[in-house]
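We call the chains A, B, C and D, going by the order they appear; numbering starts again at 1 in every chain.
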Amino acid sequence: MIQQPGTSGLIFNEPLLWEKSRMGRCAMSLPKPDVDRNALDADLTGDAPNLPELSELDVVRHYTRLSQWNFGVDSGMYPLGSCTMKYNPKTNEVQAARQGFSGAHPLSGDEFSQGALKLMYNLEQFLAKITGFHAVTLQPAAGAHGELCGMLMIHAWHARNGRQRSKIIIPDTAHGTNPASASLCGYESVNIKSGPNGILEPETVAAAMDEDTAGIMVTNPNTLGLFETHIKEIADIVHSKGGLVYGDGANMNAIMGIVKPGEIGIDVLHLNLHKTFSTPHGGGGPGSGPVAVGKTLEPFLPVPRVVKDLNTYKFITDCPDTIGRIHTFYGHFGIMVRAYSYILSMGAQGLTDVSKLAVLNANYIKESLKGTLNLPYDRPCMHECVFNDEFQKQYHITTMDMAKRLLDYGFHPPTVYFPLVVEGAFMVEPTETESKENIDQFIHAVKSIAQEAKDNPEQLKKAPRLTKVTRLDEVLAARKPCLRG
Amino acid sequence: MIQQPGTSGLIFNEPLLWEKSRMGRCAMSLPKPDVDRNALDADLTGDAPNLPELSELDVVRHYTRLSQWNFGVDSGMYPLGSCTMKYNPKTNEVQAARQGFSGAHPLSGDEFSQGALKLMYNLEQFLAKITGFHAVTLQPAAGAHGELCGMLMIHAWHARNGRQRSKIIIPDTAHGTNPASASLCGYESVNIKSGPNGILEPETVAAAMDEDTAGIMVTNPNTLGLFETHIKEIADIVHSKGGLVYGDGANMNAIMGIVKPGEIGIDVLHLNLHKTFSTPHGGGGPGSGPVAVGKTLEPFLPVPRVVKDLNTYKFITDCPDTIGRIHTFYGHFGIMVRAYSYILSMGAQGLTDVSKLAVLNANYIKESLKGTLNLPYDRPCMHECVFNDEFQKQYHITTMDMAKRLLDYGFHPPTVYFPLVVEGAFMVEPTETESKENIDQFIHAVKSIAQEAKDNPEQLKKAPRLTKVTRLDEVLAARKPCLRG
Amino acid sequence: MRYLPHTRDDIETMLKVTGHSSLDDLFAGIPDHLKTKQGIDIPESLSEWELNTHMEALASLNIACKTYKCFIGAGSYDHYIPAIIPYLISRSEFMTAYTPYQPEVSQGTLQGIYEFQTMITELLGMDIATASHYDCGTALAEACLIALRKSSTDNKIAVSSLVHPSHRQIIQTYIRPAGFEMVEIPYTKEGLTDIAALEQMKGIAGIAVQSPNFFGNIEDLKAFKTITEAKNILFIVSFTEALAYGLLKNPGSLGADLVAGEGQSLGLAKSFGGPGLGLLAGTHKQMRSLPGRLIGKTKDANGADGFVLTLATREQHIRREKASSNICSNNGLNAMTAAMYLATAGKTGIREIALQNHDKAEYLKKSLMSSGFLPAFHTPFFNEFVMKVPENFEKKRKTLIDDHCVFAGLNLEPFYPELKQHYLFCATETISKDDIDNLAKEVRS
Amino acid sequence: MRYLPHTRDDIETMLKVTGHSSLDDLFAGIPDHLKTKQGIDIPESLSEWELNTHMEALASLNIACKTYKCFIGAGSYDHYIPAIIPYLISRSEFMTAYTPYQPEVSQGTLQGIYEFQTMITELLGMDIATASHYDCGTALAEACLIALRKSSTDNKIAVSSLVHPSHRQIIQTYIRPAGFEMVEIPYTKEGLTDIAALEQMKGIAGIAVQSPNFFGNIEDLKAFKTITEAKNILFIVSFTEALAYGLLKNPGSLGADLVAGEGQSLGLAKSFGGPGLGLLAGTHKQMRSLPGRLIGKTKDANGADGFVLTLATREQHIRREKASSNICSNNGLNAMTAAMYLATAGKTGIREIALQNHDKAEYLKKSLMSSGFLPAFHTPFFNEFVMKVPENFEKKRKTLIDDHCVFAGLNLEPFYPELKQHYLFCATETISKDDIDNLAKEVRS
């Protein structure tokens, strides 16, 4: 019998910081003043902000205890669909912590920053090779920021062509950030439906595409974990009407070494280094969302850009068509160091294996669970597969109930209720770093839960039981917002 | 009402390493061979040891999960008597990790190790100043090793005086390591009783001391947390009969800046850097047990010794009377770095405050709990105080029951059933780094448990409830030893 | 490869279950003409040990590999980082978790960020702080968009010319496509934003002022508030040096409607400019227009306190094109780091560090003056200020870097062409009196 | 001070409860003549930042602050340490826990050390391994004491002269006071322990042989076993390079009764020689005479598996003067580190690393020979070997350190006066072919 990881143990209650505060404590080692005190005029200064006063042990214990209430990839399997929660190698952290990188001031000047510039230049090249594009910017701070960057470039391209357009086509399988990014550029979203088998049909796009439409945003593989097989025809249609194709490459983990978006009609693509390239999510960032483009859009890339002449590297800003700047300095350099380290550690073969095994794991789960959970689109998937709670409706058990119950089994739940095209979606992305035993354990857990749904639905409604807190009242939180202590 | 820290949350089962092993996995990045393979004769080589085969994530998750089953000082209050479980500053770890220290080869030669030698020389000086002795060796690897070192010196001194002795006086308040260390030198222990108020009486010592007795081993403050007020008279008695006084200084945390053992008749003393000087215990070491001596015993210190001439430092070994070597190199250098950092961070005033506050915390607990638990020796204590389960006997509740119940409240239990002079001892050492609020929480927990002992003894018998495992069968473990998987 | 757990047997067994003949067969559904013909042309994989050598070599091409003295701030500041912070933040339960979508197993992140939000509102004197943004520049751009969207009539945002130059460029990039416009408010001879000029401006939906401004000078925020009140438009305050508000009157008390700031000074490494920490705060009134995540307090099924992501109805994953912003992942781990820093410093600590920054900067200014530098302005500042430097300075500055790893100020000319021979200097608590005396000695002409 | 949480109020309130007038009053019970008259004469306290500067300055006085190439082993070896190990071992739940006296909250340490014991028995082919000792030298001395105590008649222990010189000194120190004696077994021209000489020895309670021995040569352990069986005494094997047993026949399979070894090579930094890791293993027969802690498997009240400290009846805190040893704290955290290393390397990894060590050493030996060095012995070795060096070598060696941070071998004369101009060389997997080629070039005469 398979033993499930979930169990309970001693952890600790911990009050809010200020509830531990006592006047006169300070956990900071204060430098000894070596120059005279030089007071500012009183009317400029205010009271010291009322921050909690703690000893060093108080602070250490506070965050140690908080950390124990969290679930990370190092704690257990984290098959959160669309988030690519793969193992974050520790050596990447060692590289990013090197004094030469972490201590670098962004304005030290090119001459004294050659290491950072070279790393950025090389990383841009690597990503271009992986995606099949011509040029890359590393400036975007996250995936959505990359989308904005890409859409700004499309917008600038239309502007330069002398006629701005007003709409953008967005399929129902798109990530929520896509339409939001588009509307930041003033584009109105034209939402279209994916076909019965979950992928976009050229006719649908043809019907929607016109001269007032700036282009289309496609996620490929899409948020159903399916590959858009008609992408080339779709791109041709959009291009023929003078539009451009934006590719959301957050799901690149499925196709490295197999498909290069730059070769199949995509004009601009963003990547999530904090997914495909193993940088940690940090409980919600910082990430990094580089954007890759073909020759057409290269002139519009944000500045500064890194260029190499002979064997030195420098930033340039004199790019007449650039969309301008989207980050105060050069983007999330610390994250770039980690992704660069990952790519060097894997090499071309390694990255290709990553995609093959990520897809193998997802298909293995799909096949193993499709009798247990309803599988709306039963076709070979890429890196993730989307089920829903259709079979469990009869027992009044929802996707949410099953997700919460999975916590008691010791697994982080999949992404739930996304993508919106699937009602009650249960979206599983195992990633390549989970072993067959972990995945079998997960499959076993889901099957047991499906069984419980029949035999003992109450147990699911009450789930989670083992966590420090039980289900939280999100309605109350939103109705009476309490956003500070 | 005071909220107790203990609660339960989601943690994870984790099998033994080899149960996770799959042939062909390897978590180690293997260097690429750059020279020819050069096989050893087959009759010299054996099969590769059958170690578990895992991926890097397997290893990371294994130890992350194991760590969550543990309780450390960073997790909560750890009032383990006689162990001085104070906060272990993180900056000390940073210092010990510096390449110049952690990367140093012990045989690089004095000329290329001046930083290490200077640190050791200074640390010896600091410890000499703190204890009031003339010279110090840092070679002992732990407290008990320090005792052995000290007793070997006493043994060598008697030998050099031409007449070896056969016995050593050891009070019932001594730590178990003392008699064990003495017998390693061939000394037979003469156990004497402490007086009715828990401290040694000169008469008792006088009665036991004779020309066949090498000396006495005194722990001061003793293991009851009491200061041996007659230490000077006792030392005089022992000295007058040609014996020497060994001081166990593992409890130095109580008297820094107040009493210097070297000034009150002690001839040789060991310290526990992993107690008084904040180095982490690591779940059972590595520690460090320096030994301090007066002029009498200095010639007998182990070699090599660090000496300074002009501004350079070197190791010397030409010490005719030395007891020899007790560590392969120079002792636990990495631990010395941490203790040195701690002493520099505290300074003289800081160390004195440490002792005053450690003693304050202990007395505060003693006064607050003496109505709740029986206090066999009701007098002002030093850094720790010893209760027992006398009051709870009527409810058939033992010290062990109360200790296990404390776990459910979120505290590490005190030391139990030690010292042996107190039946059912419950030995509390809060240390100075616990705040009043933590201590009040602890007091409140003990009082609640005493109440439960009356009202609901079953609950104590069943404790702990919240930990991953319940009480373990130590008899079974010893009867059918299973020491490997 | 040590990150890939699949053994040959595993792969075979799994392929049997999925009904594929090989790993390549998994991609049979992708038409051949869409598959790439050549592999990925990148260097072959490095072992962990080759990587260490390679990366240390790269890092050592940055001057920062040596301990260098940095008299430059300009948006990235050199402050002490207590050893406990890198240790605590690296705990994998924080580092390797995703956005807290499942609150029952994310209370560590959630309480931590709730505490962050609270301490930021304390620091800035505002009602609400978000769970973080990318950096000050992007947070400020979003703040400008809020102001612009609020106005039905006006499509201009007035931005001080003493707002960080990069931030002004980001605002441009963000607002232009939506048809908005940025107008710059000139600065005065005192190195302050020109209020008089602002008063003349028409069609303005809001104003943005940085204090301490890019020259390090402290703006008279109250005066701007009077104007924004008169015009009934939003008052946006920004800053790049968060520690300034350990000492200065906070923007909330001076009437800011929205505050966008950089939190890098709060325990984060300079890291060549990123990732930093975007701070974004507002008054209650602005709650529903704020972009990005918010953590709120609530109860669990047993009535116990707990924390959740809340007011998600502003966000893209629910609202899609109608969202107040597209931001999804933010800079959460850095927000947690800043919270650790603020809790470590505490009320007394942050005030003392702020004071020391100001003291060092004043001492640096005096010392440079005694070496023949001329103060460009005579206005109160925090830890940065502008000096007119002697003729030969640029050469000296270069040798100072080469010989002593000392970075003596930032040339302002590229940012303000009119300010020839003007340098922006910064001194923080990490700069010692000796460092300053040495610098003054070296540059004496 | 940031480590001391007591506020003035706290102290006052607490003193009221304890009934003392002041903190000093807490010590009223100590007679004045016992109190010290002067304070502690040490430097005044440093801030965290001063400490960093001070310690980096000290560390930089060690050549190790630079990346140096170490062709020296002799008991301390330079091996790669995977990044996951320092990270995992620094988790405070491991680092800041005490000896697992309360098993219910120490299962992490306990299962970890149980796994350590198991993997060490695998590595050495022994029945039982202890939870660790201080280092190889002290573990070996304890092993000798076991042998000596077992014999009613003989009070001598025969120790190979090719056991690490420090270890022989430690044995002396440990056994002398109890009236025991150590006799050294000479070595042969092949650089091996002289079995013939051993056979002549009388009154011996046991023998101790190191393999690979101090010269790096692999001893014929089977031959010694024959003798100890004949004499019916204990056979003790020691080693300083644990990775050797990734490749060599293990001591258990060759008949060792007790094995004492150094575990520093298993993921531990050299750290100027300590803390290392003492390994101590024995056959079932020796179980109750083994010193130090043992972890055993058992059941909890619900029948679940769990681990505890066991067989404590051998230990000092129960047996006091009758204990098998005085050891209390051992090197637990380093045992956990070694377990992590062994789990990371695994069966294939440890073999491959061992092979590479041997390959590099063979290549180094060949290269030095081609540079005019003469092999002192022609005996199989693991990763260390002895060479007779050219006249001018000592001077060259010094310049190699000064100019290239290369440590070319260890002079054996201080340890073996008869071996003038003989050096002990070591090469591990961290030494590249280029390093070796460069060394060979530099020392060519």
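For the reader, a short list of remarks on this structure follows.
By definition in this document, a contact is a pair of C-beta atoms (placed from the backbone, for glycine too) under 8 Å apart; a residue touches a chain by one contact, two chains touch by 3 or more.
All figures in this text were calculated on a predicted structure; none of them were measured in a lab.
For A-D, the equivalent interface within B-C, B-D or A-C is the one where over half of the contact pairs agree by residue number, namely B-C.
By number of C-beta pairs in contact, A-C leads when A-D and A-C are compared.
Note: centroid distance subunit B to subunit C, computed from Cα atoms, is 46 Å. Computed centre separation for the pair subunit B/subunit D is 20 angstrom, with centres defined by C-alpha atoms.
For subunit C, residues touching at least two other chains, in rising order: 3-5, 10, 48-49, 67, 80, 82-84, 87, 90-92, 105, 430. Touching of two or more other chains is recorded for residues 10, 14, 22, 24-31, 55-58, 60, 64, 68-69, 71, 73-75, 87, 89-91, 93-94, 407, 433-435, 464, 467-468 of subunit B. The part of subunit D that touches subunit C in the complex is made up of residues 48-49, 56, 80, 82-83, 87, 90-91, 430. If you check the complex, the residues on subunit C that touch subunit B are 2-5, 7-10, 47-50, 82-84, 87, 92, 105. Interface residues of subunit A facing subunit B in the complex, by the touch rule stated above, are 3-15, 20, 22, 55-58, 60-61, 64-65, 68-69, 71, 73-76, 87, 89-90, 407-408, 410, 433-435, 437, 464, 466-468. In the complex of the two chains, the subunit B residues touching subunit C come out as 10, 22-32, 55-58, 60, 64, 89-91, 93-94.
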